[in-house]
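Note that chain A is present in both complexes that follow, paired respectively with chain B and with chain C.
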Partner chain A sequence: MSTLDKAHTSTRPVPNPKRSLITRLHMGTGVVVGIIIAAIAYYLLKHSVLTYTDGVADPLEPHSNNIVLLGTMFAWSIGFMAGIGAFIGPWRWLIGKDLTDEEILYMAGDGQGVKRYFKYCTDHKVVGIQYLVGVMTLLGVGGTMAMMIRTNLARPGGHFVTATVYNSLVGLHGITMIIAMIIVATGPFGNYVMPIMIGAYDMAFPRLNALSWWVLFTAIPVLCSAWFLGGIPTGWTAYAPLSVQAGPGMNAFIATIIIFAVSTAVAGMNITTTVIAMRTKGMKWNRVPIFVVGSTISVALAIPAFPTFMVAMIMTGLDRTYNTGFFDANMGGSGWLYANLFWIMGHPEVYVILIPGVAALMEIVPVFVRKPLFSYNAAIMGFAGIAGLSILVWAHHMYIAGWAPSLNGAFMVTTEMISIPTGLLFLVLIGTLWRGKPWMKLPMLSVFAFIWDFLIGGITGIYLSDVPADGYLHGSMFVTAHFHFTLMGAALTGAIGGLAYWFPKMTGRMLDEKAGYISFWFVQIGFNVLFFGMFMAGAEGQPRRVMDYAAMFKNSNLVSTIGAYSVGTGMIILLWAVIHSSRHGKVAPMNPWGAKTLEWTVPYPVPLTNFDELPVITSDPYGYGKGK
Partner chain B sequence: METATHNEVSGGKRLTSAIAFLFLGVAVVATVGYTLHSVSADSQKKTYATVNGSASVDGKTLPHAFITESVFPDDATARANHVNRTNTHPWPFYTDEHLVLPAHSLITMTLRVYDGGEKLNHDYFAKVVGTVDNMMTVDGQQVSSLDPTEVQHTFTLHGLPTSTQDPLFVNVPLPKVQDADMEKNGSHLVVFSFVTGGAGEYVWNCEYPCGDGTYAKFGAVMGQNGYMSGKVSVVNG
Partner chain C sequence: MSHDTQFHVHHDSDAAVGRRERLGVRLLIVADGSFLFSMIFSYFYLRNLNTGGNWLPKGVKHYTPSSAWQVAIPFVIAAICHRLGQENKERRNLTSIATLIVLLVGGYLQWKQMAHMPFLLKDDGGVVTFNGAYASNWVLMAGTGIFHYFLGAFIALGILIRNRTTNVSHELDVWRQRTAQSWFTWCAIAAVLTAFTLSIV
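The block that comes next holds the complex of A and B.
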């Protein structure tokens, strides 16, 4: 029983812990304390680490400057968390005065309306909405940077921005979108819907749930600060030794990744524990909704994968601050060490992103064709197979780097083997659709878009996994188009489908169908035009990450830019639809789709503890057409 | 299923708000783009080559343009030589960042250089490349290369990877001023000429990593425009 359950079952009806510090803390106090702690850290570090000559800091000491900047960034993050009240619970436990039931209920946001979205709120539904807003913000920022990149590439010689700004745009677009995509499904839906789907009162660790969001929140200004520190010249891969040599903006990247890794580790442990330990009575493993299974496998995969990126960033930071030489060949280090650490995270991360999106669509299809999910077991084998194989394929990103060429064949085989479990996912989706009569509502559009987009993303991935073909295609726009077809075409499409599907449960209103359709076609047509153009340019030999290109690539680049503007228009329309519908949309009934999973058995607004009495499960969630 | 609520807005209002939102979104993206374009736009002072007569190169008569600049180890040395420029950092610098040269012309560039130096990382940049006859004069003496251990900086002019403009590559190593001479405000005079093609945008930089003691000397001054790197615009007319 979680702390919230205990509080809920106590005799105190209304939380009113007037004398508690918790009631006075919110996002504003977090920002203020964060800035104060950061300023103190900056002052102390600057005057203890930097050397001065005639009152002027020695400009030949970039290592010391990096210590000052990294220290300041981490101080901001810790200060914000202190200012919003994240440490009150652990502190009270440490001194033997644990939080009272009233305080626990207050932290859950009970009766606080909109204010709870700006507090250290432990209610998983509040955290889900916070993640949703965060994801939309990140997509907006990353998308705007994508528009700038495509504007610059609209014609050869089009120097819309300078090379330095362009490099930063590419790197920051990359990392912003990667962060957004990692949390795009498990953040909003994994937090809001998943505990209800398994019949739980709350997440296993409600305070850690709030911690995962607010820690991530502190990384956003840190990442943005890169713009004011000279940008990042390395792309999102931040390869060493380039990242070790890069200017002060690189510190923002390093701090962001370390903070984000803490957030994902906490969230991953919380989701995994919740699903393992808090499923309601009767919900055996073969009765767990497929979205829950997918999300759990995704975060379970992230738990071992992401820390390697964190370690790589810590080592990069140490190289930059204390000249440790982990990645400097002159000092006995190795650039390959970084590449290995990065890609040991980097390829599982693709599936961490992908699996929840696919799982959301698998949740949708049975509901809209009124048929059981075709081969639930095959779906689980597909997810598990992908997760298992994904940790054995990392070096296919390094065929051309010259690291262990004798292993190229082995990595080619493991990579191509991923097609088998991936094929199972297609089989499940198409098998469920087979001879069905789909109810063509908004969520279903994403299913068909996914099948088309991911088919292209998957097949082009086979070319890239092949060592000889990769020798020609690596480092080209072909690669860029391929991974956008998998990440955006599959994962984001799945998440948009999930948003359309669960929007009524999260807001109490229906998402505007007409605007959704218009947005869908703008995005999907634009997306295919954009990345088919990029496939063409890449196949012809245009390298990626360049701000200028030869005239022979001008047509394919112009086509891509036109497609990008179409995607941008569609995404703005979707954003309008979400904002407008959440305020003025048609009021949704409790179960607008006639679905059988538990989240549709609770009303909107969902009660604080989701269920008055925990349900007992007696059948699988996809028993359509079985008379029950 | 319920179909309407007191909150529902009319179709006209909904369409209007959707279109307004779309314009707002486009405006936000455009504003970000305009801002990035503006802040990254060239704000450097331009230094124009002056055309004075014509010259014959490989049997062709071309306009002859002249341009002069200096290289100083720091602000103090610059001030001692009557050049007032206050830099943010006490780093060596070329006096002019953005050079504007006429297209299809012979350019004669005169560099007065005051800095010391060490050994080049790569001997290639000790050679004179891309000038007329691949030669330059150092204090009046014609040379085609320098001792790689006696170089202070290089003036290396090259293009970005685009096929829409004529290629242009010039590399000129600059001889170092000996330590004893630096104390006496010593310098060298380097003169070289090269021919420009059609209009285009190019960059120049120093290929001798003269940054701080870390990052293999590619940090600090090598990482910021305006000291050891800049732009070259070749323009028609």
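The block that comes next holds the complex of A and C.
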């Protein structure tokens, strides 16, 4: 039993709401009920929709097969949620018998030790750890797929995997990593740390907090099922009409995105409401820690962005199941419609991913330089400017598609304008570092890595926003390298910095520093080698998403693959460090970094309601060097 | 960050809880609004594109504008009924029953329209096709209408039952009625926008 568990079982007796169904439900019952409901849905749909000839389903009816598969996937998700107890709250509300205090306390996981991680637990700290494990799992799966892709591309004519498997690897790696990146900072830290940072005793809607995690959890097996249904041949963008014509594996992609969009909307609403409505007394907007501001702007941006992707997926699903014609030109549809809806979501989503990572680093720098954050207002203007402009740039992904060429100039300008608020973020970080004496601990390394990586990601983005340059570089490995430099170089680097920084608060132990340093250098050197190789290949004209290439690209591809193995090695070391340190690491003091934000004022394990008495804030969180 | 510990509240006031719930619902309305925007964008985009003249192929029937308003008006009436109940607690039982019935009737009308779509093509093998992009857009909007009706009816039924059985503090009850009002008002607005869109065939 870990320290965490002891603390949660020793403080007071376990609440025992007698005869309450809540006490009997957990992840296991969720899986069982989910499978049963999915099996029933499969059986009913199969026998009501499919037509048979001599006992064999008519192969000319892929639409019917799609109905069966999509219905089964959604039934699994709904069944799991019913089986874990997600609908008890709404049902009790409906019949006018609200949950009792004891039931609410039970759902918060009070006194249940490790078990609460497998229940519909409403404690935001438990949800934060669930997200952390989920993110690490997704990164592991997506990273393994990346290794397989790079192994195949190590030399021309590689046949490590078949063409079909390669196609699926590209698509599944993409969507797995996108989902992981969206939740990489706001999931673990937004849930675990953020409510404490604003002096709240919980999230605004604890049950919806659990819902957002468990709904997302149900999407994971759905996405994995794509492997057994023939894979995803479209890449993560799932462009129509290719996605409409794709095999049954595409249903898994559609169901995953729809389920994920629900999870994101609920989580976004919850985090935004918590920050707006539950800040403790004295925490005016100019005293809110910058990570909280960044995360809130990020999730608030996600609230309107993701429904457009959801609509695009519902349309794709309808085209595949009910013969509608949203994307079929013969039926009055258009592939451009999909591209528009997808990128209206797709570009804001880049910043949904990026902003929390940068904000986490901005939280770290003042602590380790012992200086106030340079121009807090500029940081907020940077975040807000990026969020605002991000909804006006989507068509730069469609220069080559031929959609509205007369608007290319306008979209080029709006895209390049994003450099201005992005520049503010650099200004804030460098201004804070300026003439400081950084305490070079593990979290601080990520700050310097971010400045280097994101500078490259940002500058190469300016090339791609330029219409003539994009004409040459579009669809090449250059684009792949660019967006990895922004997403991995900024968001993942920021999240790893955040993990190193908040690890003591989340686990009560220090992250193994030596392993952390080794991992850092393996990842950062490998990352730069990997994607510089890809920049070279792309600039020379190698298209992305291909499983073979001309001999002229062999050196740059070999370099990339060597870099990829280095990244993989570093990530495995980090994974080991996290698992090992969380059990056997050095016990952390309450405030190992001497930080001034509220999360460091509470002990580990953090009490169920975070604070015995809610604090009153009397100064800003970055008052280093200003005396008391 | 310096702090002291003179402020001791762990259980928020009913007003704070109510305000928070209403904000949460309004943020969900933003998400739903984005969903609606996407549908309307899609409708007018494909209508103006009219690829191959297949927005509404020749000879294909479509719903009249009045049928779109038929399924929008119940949402408006439901929102008004709920509002009347908010203003006068004594007639809340009556208005909550009326809200529920109006929503069920609206949902039935929407369902009936979906069951008798005039633009479907059926081939010899019994495979059904939505004929033209208008038909595709219509069915998506109608489906969203059904979802709104289902959710609205769930909320209305809950309010009706809770008015009779639950002992909720007056202040929290007032806030929850307002929160429900935000949702019903949004549904009415969404239905009117959808009806307006579908009126422009």
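One rule holds for everything that comes next: the second predicted complex is superposed on the first by the 614 of 628 C-alpha atoms of A that agree within 3 Å, B and C clash if a C-alpha of one lies under 4 Å from a C-alpha of the other, contacts with A are read in each partner's own complex, and residues count from 1 in each chain.
By definition in this document, contacts are C-beta pairs under 8 Å (C-beta built on N, C-alpha and C of every residue); 3 or more make two chains touch, one makes a residue touch a chain.
The structure presented is a predicted model; accordingly, all values stated were derived computationally and were not measured.
S.K.: Specify the outcome, clash or fit, for chain B and chain C once both structures are aligned onto chain A.
M.R.: fit
S.K.: For the overlaid complexes, name the partner, chain B or chain C, with more touching residues on chain A.
M.R.: C
S.K.: Based on the superposed arrangement, let me know which partner A:162 touches: chain B (first), chain C (second), both, or neither?
M.R.: first
S.K.: Given the touch rule stated above, what does A:584 touch, chain B (first), chain C (second), both, or neither?
M.R.: Once the two structures are laid over each other on A, A:584 reaches chain B alone.
S.K.: Classify the contacts of A:113 with the two partner chains as first (chain B alone), second (chain C alone), both, or neither.
M.R.: neither
S.K.: So, does A:63 touch the first partner chain B, the second partner chain C, both, or neither?
M.R.: Both chain B and chain C are touched by A:63.
S.K.: Touch test for A:572: chain B only (first), chain C only (second), both, or neither?
M.R.: first
S.K.: Would you please give the vertex angle at the Cα centre of chain A, with arms pointing to the Cα centres of chain B and chain C, as a multiple of 10°?
M.R.: After fitting both complexes on chain A, the angle is 100 degrees.
S.K.: Using the superposition on chain A described above, determine whether A:402 touches chain B (first), chain C (second), both, or neither.
M.R.: After superposing on A, A:402 lies clear of both chain B and chain C.
S.K.: What is the contact status of A:605 with respect to chain B (first) and chain C (second): first, second, both, or neither?
M.R.: A:605 sits against neither chain B nor chain C.
S.K.: Which partner does A:323 reach: the first (chain B), the second (chain C), both, or neither?
M.R.: Both: A:323 reaches chain B and chain C.
S.K.: Please provide the least distance in Å between a C-alpha atom of chain B and a C-alpha atom of chain C in the combined superposition.
M.R.: 10
S.K.: Shared contact residues on chain A for chain B and chain C?
M.R.: Touching chain B in the first complex and chain C in the second, residues 60-61, 63, 323 of chain A appear in both lists.
S.K.: Per the contact definition, I'd like the list of chain A residues that touch chain B in the complex.
M.R.: 56, 59-63, 144, 147-148, 151, 156-157, 159-165, 169, 230, 244-245, 247, 323, 512, 515, 546-552, 568-569, 572-573, 575-577, 579-580, 583-589, 592
S.K.: Would you tell me which residues of chain B are touching chain A in their complex?
M.R.: Answer in residue numbers: 1-5, 7-9, 14, 17-18, 21-22, 25-26, 28-29, 32-33, 36-37, 39-41, 89-91, 160-165, 201, 212-216, 218-220, 223-225.
S.K.: Can you name the residues of chain A that touch chain C in the complex?
M.R.: 51, 60-61, 63, 93-98, 199, 201, 204-205, 208, 265, 268-270, 272-273, 276-278, 280-282, 287, 289, 300, 303-308, 310-312, 314-315, 318-319, 322-326, 329-334, 336-337, 340-341, 344, 596-598, 601, 609, 612-621, 623, 628
S.K.: Quick one: which bits of chain C touch chain A in the complex? Just the residue numbers, please.
M.R.: Per the touch definition, chain C meets chain A at residues 1-10, 16, 19-21, 23-24, 27-28, 30-35, 37-39, 41-42, 45-46, 49-57, 125-137, 139-140, 154, 157-158, 161-162, 164-166.
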